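Same chain, two partners: chain A is paired with chain B first, then with chain C.
On to the complex of A and B.
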């Protein structure tokens, strides 16, 4: 990793240069909500001024740029007595600016599943490799618990990472292509003063986390609390809508379906992201449903996030962004669910 | 029509309208990019809105609209006798639709409100399944042509069709649509059947539940969350009664 300093006006030039050749996704202001709070979303931008780097949180994660909600796996063409299959892995290069550490860590989690496990997924790998990631430090949000789940620091999984030092950014350069790209504009070696300012910002961030919840013993706690009343309490609230999984930066469960064109000359195999909270998630042929109750479905979402994933990959799938908690209309938020489990254990 | 070297059926189809705005049947003539192929897949033999020919020989009858007059009942019974498969098309046919709101008032009052001193014969509105056996229902105001196409494909290949079980919220999230509750509005999305691709919230209007109730609704929590955001039970029920698809919850006629 290289550390450099870039002046803000030079960073602007850098973004505009990138926009000439690459699609750029960045936090964009959409509108204010009913309480007057700004809503930002990761969307394509056409110039630097549309980018809002000091945003608090995007309600929707940037997951869709790596795992689209609907992704065509292959297309079939039927002609006479023959058929051909067409598979497209390649995508146009893209850059995503403004990812927070939790979101970069979410990509690192997805890498473990789709790039480094027994069955690498070429669709994911293509998108991941062709996406230039520029992250940024930020003061903790009100409801995130990334620090409690060890997802607030990043060591890999990005190209550039910025820390705002007022008139300039402290830049971590983490790839060859990032060094090549940023060298197009003036960058400076870091001075002792830059290091001092950087450490001051880092200190301020680490002292500002607002939510505290204990998560290190969760896999064990979940084993013990399998029959807990906590699941009924929160399960009764669940709307079975799948919102949590859609906004989650790591929920990756999907189904596969086929669609045939109206003239029946072509067919498509489509992977679509799904949610374990939906009624038919565990429905099998013949109509049997292994998880007909909403409390069971909600419980298994927590088990996959905080227990099953740990067993397979050594860390929870959850990165503590609390997007699920924030967008759940019924107010099911992971911090309070986990706190309730701890309370159960005390009894 | 051929697919995987097999020849599909090409059923004779009739489209009939009753008390409605004719918007759903108009969807049959929409989506021009696949219209020719749609018309190749089925043989439309009777469809007042788009053709002059009329045949009483048909396999499938699409029924649009609700029933609000005695002569409509007669006509519907005749169609049911002739059709091998009867499909209720749109929210009016499935639930009674917007027309059903009149059932909350005495018929003499609604008649006077609309027709003044020249009253017409009218009955409380009923959906198609309240009068005859319905083989399949496609809700929506209007129905989605893309969904109608998929259902027609399933019919001509005789493959069972499954509606999605998720509520409208699921598809809103996939479109990056800002939650209408977040904007301070009342939305029936959490308890309404999805599969429409959630065009209304994306276009700036909360869901009014035109497709009826989703497969696994949680009404207790829905009334709670609406109340927490300042919407009374009466307000929610009034919204639910707009298309008539929530009568099992609201208890309205």
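On to the complex of A and C.
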């Protein structure tokens, strides 16, 4: 990794240069919520001024640009009792600015599933490799617990990573294409003073985390507490709406549906992102449901995130952004659920 | 001027490996299906039909091989895709046999399909029964209801390699006599050297002259040598518990009993999570599990 300094006005030039050829996604101000707090979303921007880099948290994660809610896997052309299959991958280049460390870590988690494991998924790989990632450091949000789950640092999975030093950005350059791109605008070598300022910002960030919750023993705890009353308590609140999975930066489960055109000439095979909290998630033909109760479905969401994924990939799938807790209509906050599990253990 | 060059996933060399659906292989089109033709339809019961399906492209057909216990994703373009266990012989490279019950949307349409219809196939997926490891032992093949469909693959394997195995017992139970599958083959199986075929039904009709009761009843009459026996159990989940616990009482170690689990699946490749049980994906880690693993999978059966 290379470290450089870029002045803020040069960074603006860089963004505008990128905008000339590439679709740019960045946190965009939507409006204020009922409490007067600003709402931001990752959306396409048309000029630098629409981009808000000192935002707190986007309500949705940037997952949708890699795993779209609706993704056409293949198209069938039907003719004379026969058919042909057509498969297309999205290769249009795109740049996403302003991802926080938790969101980049979420992409690294998804890479493990879709790009590193067996059956690598070309739909995902194509989108991932054609996306230029620019991350940014930020002061911790009110409800996130990324530090507790070790997702507040990043080492890879991005092209550029910025740290705001007031009048300039401290830039981590993590790919050759990023180095080529950023070299189009003036950048400077780092000085001792820059390093000092950078470390001061990092120190301030690491001292400002607000939520404390213990997560390192969760894989074991979840196994022991499988029959716990905690699941009934939170499961009864759950509305089975699937909002948590929609806003989650790592939830990747999906369902495949096929649609036919009115004249029966084409059929589309479409993957829709799904949620393990939805009623028919594990229902099979004939009507048997392997997860009939809402507490079972809620439990398995935690079980997969904090135990199953650890067994498979050595770290939890959750990155502690707490978007699910923030958006849950029934007020199910993962921090409270995990704390409850610990309480149960003490009894 | 472009700040970075677009990446074409289809040009990456390691993604261009031959299209083989084994988990070790990197493959390019994960959703490409082999086009296949329904060459033959055999009516087994009112609800189940046996489909003979042949991959049309000769090269693809030559590449398709499977092990007993594996499944394929069967695609009806425009309708959907369903996971179906293969119930034919692994040595049959000409066509694939799929025994399918009319149960949901896709299978109902399939039951209306005629000979010559073009379907799609992806696979084979999943692990298999350890037939090599079972060599030299007695084999218990226990099926309940539609469980006969996946059980038929290891059964073919055993009969085709008869000299490698000791005594073979086939125990098969259904609710009523008209639900019995592959009735026309019983005579053939019975005549094979030292194969003991036992059939039992829960609710007999007036024509039934065979045994009546639960499938566990058949076990009581068997001479079982626990440490020289392997058991394969296929059927509805509720059956696993009763049969496997009964086998345990005979002293058969749990790692010598194998069951095949069923779950909802949308990809077959461990991605869609629909068949997930904690950290286990039935489509890649299963569908075959020994009974000890099943006991460790919470709420698996």
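Following the convention adopted for this analysis, the second predicted complex is superposed on the first by the 344 of 347 C-alpha atoms of A that agree within 3 Å, B and C clash if a C-alpha of one lies under 4 Å from a C-alpha of the other, contacts with A are read in each partner's own complex, and residues count from 1 in each chain.
We adopt the following convention: a residue touches a chain if its C-beta (ideal position, glycine included) is under 8 Å from a C-beta of that chain, and two chains touch if they have at least 3 such contacts.
Because the structure is a prediction, the values reported are computed rather than measured.
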Putting chain B and chain C onto chain A via the overlay, clash or fit? fit
Which partner chains sit in contact with A:167 here, chain B, chain C, both or neither? Use first/second/both/neither. neither
Between chain B and chain C, the one with more contact residues on chain A is chain C
For the overlay on chain A, what angle lies at chain A between chain B and chain C, C-alpha centres, nearest 10°? 70
Which partner does A:41 contact after superposing on A: first (chain B), second (chain C), both, neither? first
Identify the partner contact of A:81: answer first if only chain B is touched, second if only chain C is, both if each is, neither if none is. both
Touch check for A:264: first (chain B), second (chain C), both, or neither? both
With the two structures laid over each other on chain A, which partner does A:113 touch: chain B (first), chain C (second), both, or neither? second
Is A:285 touching anything from chain B or chain C once the two structures are fitted on A? First, second, both or neither. second
In the overlaid three-chain picture, which partner chain does A:309 touch, first (chain B) or second (chain C), both, or neither? second
Should A:92 be classified as contacting the first partner (chain B), the second (chain C), both, or neither? second
Please give the least Cα distance, whole angstrom, that chain B and chain C reach in the superposed model. 6
Doubly contacted chain A residues - partners chain C and chain B: 78, 81, 259-260, 264
Touching chain B in the complex: which residues of chain A? 30-31, 33-34, 39, 41, 43, 59-60, 64, 69-70, 78, 81, 236-243, 246-247, 259-264, 273, 275, 278-280, 294, 327, 329-331
Under the stated contact criterion, what part of chain C meets chain A in this complex? 1-10, 15, 23-24, 26-33, 35, 75, 77-82, 101, 103-107, 116-118, 120, 262-264, 266-267, 269-280, 284, 298-299
Any idea which chain B residues touch chain A in the complex? 1-5, 8, 34, 37-38, 40-41, 149-150, 153, 165-167, 169-170, 173-174, 176, 178-179, 181-184, 189-191, 214-218, 220-222, 224-225
Of chain A, residues touching chain C in the complex: 17-18, 20-22, 73-74, 76, 78, 81-83, 85, 87, 89, 91-93, 95, 113-114, 117-123, 125-126, 129-130, 132, 177-178, 180-181, 184, 226, 252-260, 264, 267, 269, 271, 274, 276, 281-286, 290-291, 296, 300, 303-304, 307-312
